[in-house]
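Report on the following structure.
We just call them A, B, C, D, E and F in the order they show up, numbering each chain from 1.
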Amino acid sequence: MRLSTRNQLTGTVADITIGSVMAIVKVDLDGGQQVTASITKDAVEELQLSVGQKVTALVKSTEVMLGVE
Amino acid sequence: MRLSTRNQLTGTVADITIGSVMAIVKVDLDGGQQVTASITKDAVEELQLSVGQKVTALVKSTEVMLGVE
Amino acid sequence: MRLSTRNQLTGTVADITIGSVMAIVKVDLDGGQQVTASITKDAVEELQLSVGQKVTALVKSTEVMLGVE
Amino acid sequence: MRLSTRNQLTGTVADITIGSVMAIVKVDLDGGQQVTASITKDAVEELQLSVGQKVTALVKSTEVMLGVE
Amino acid sequence: MRLSTRNQLTGTVADITIGSVMAIVKVDLDGGQQVTASITKDAVEELQLSVGQKVTALVKSTEVMLGVE
Amino acid sequence: MRLSTRNQLTGTVADITIGSVMAIVKVDLDGGQQVTASITKDAVEELQLSVGQKVTALVKSTEVMLGVE
């Protein structure tokens, strides 16, 4: 499926913390920065996410803010 | 100001397209991937964004989805 | 690609309005309700969206609110 | 109150899972698809949500993405 | 309709700028701060928004970030 | 860092509830209304948030909806 979602950043799962209904997944982006995702525990289980796995982090462009020094 | 926002990715403005009230800004992330932000035209003008400028792309962790092949 | 995104609703494009940098796409869901998406004009063009096309509307669960009478 | 929110989908609560501070609510849409909402535990309690209850799932149009095969 | 949406801030429309498909509405909150909303042009027209009108600005709690000096 | 984020509301932390991976923080806005933020537990700890602390609540304009009676 091709997506309208502008931001599709490739990386590797670095850490997974499972909560009661939500989970925090950290992804080391290819190229060197890190992204944190707050997704449902159900999604982590359905995707069978594990540390070291290749994933794509997706973000709709309307969710991106910019900061300048 | 220190922010709760988990994702703060550094990069350089690659392209700016100004619309009627919104604008699309593309940022080349340090390390090699690209992020697109849909922000208000007002914000582009207030921050005086220009191509080549160093910026930080910010995304709340609740806005990040993950995909696996 | 399998997605963490909990909501993947199938439907048919009913209407597309292209703005300066954003676009509004209305999707008739299979089963009878309608969803409106505000996405970038670039996405509409890249996906070559057209009225009558089968699409999936995706929404992260953290974006869904509930109302009761 | 009339809302700017473009997407107001009617349905019935199918499942509620309460976490520590967040909750996951599944809603069977009228017409046959399902939506999952991640909302606060406080909201579930204030609205006194229960399985079988009629609800409206609300989503801002800027939160909807589209996918095509 | 009672909403799960945690943030419902009352105020008065201070300014409306209509774009091609989106619109920017500024709301002076009761108590003295200001909120800006990027909503669809369709929503502005359907709600017949006008400067001076009493409105409620709604924000899902998962969309709120915090900053500290 | 100056931000594209249109909404930066000042206030004081009124309440913090820590969950398993998420947390709920209530902020009394200067001027008298209240905002609730669902942020990660990690963010609460990193910012060392405490009741009575001065904070800024940030919301991207694309996340704000409007309601009228």
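Heads up, the rule we're going with is that a contact is a pair of C-beta atoms (placed from the backbone, for glycine too) under 8 Å apart; a residue touches a chain by one contact, two chains touch by 3 or more.
On a predicted model such as this, the values are computed, not experimentally measured, just so you know.
S.K.: Going by the stated contact rule, which chains contact chain B and chain C alike?
M.R.: Intersection of chain B and chain C contact lists gives A, E.
S.K.: Going by the stated contact rule, which chains contact chain C and chain F alike?
M.R.: A, B, D, E
S.K.: Can we say the copies chain A and chain C touch using the same residue numbers, with more than half in common, or are the two sides different?
M.R.: At the contact between chain A and chain C, which are copies of one sequence, the residues are largely the same (over half shared).
S.K.: In whole angstrom, how far does the Cα centroid of chain A sit from the Cα centroid of chain B?
M.R.: Chain centroid spacing, chain A to chain B, equals 17 Å.
S.K.: Measuring from the mean C-alpha position of chain B to the mean C-alpha position of chain E, what distance in angstrom results?
M.R.: A distance of 23 Å separates the two centres.
S.K.: Counting only residues that touch at least 2 other chains, which ones in chain A make the list?
M.R.: Residues 1-6, 19-20, 22, 24, 36-40, 42-43, 47, 56, 58, 60-63, 65-69 of chain A touch two or more partner chains.
S.K.: With chains as vertices joined when they touch, what's the shape: line, ring, star, complete or other?
M.R.: The chain contacts form none of line, ring, star or complete graph.
S.K.: Okay, what are all the chain pairs that touch?
M.R.: Between chains, contact exists in these pairs: A-B, A-C, A-D, A-F, B-C, B-E, B-F, C-D, C-E, D-E, D-F, E-F.
S.K.: For a test of understanding, state which residues of chain C touch chain E in their complex under the given definition.
M.R.: 17-20, 22-24, 36, 38, 62-63, 65-69
S.K.: Using the touch rule from the top, collect the residues of chain F that touch chain B in their complex.
M.R.: The touching residues are 1-6, 37-40, 42-44, 46-47, 56, 58, 61-62.
S.K.: Applying the document's contact rule, which stretches of chain A touch chain D when the two form their complex?
M.R.: 1-5, 19-22, 40, 42, 60, 62
S.K.: Enumerate the contact residues on chain D facing chain C in the complex.
M.R.: Listed in rising order, the residues of chain D that touch chain C are 5-10, 24-25, 27, 29-33, 35-39, 43, 47, 49, 53-69.
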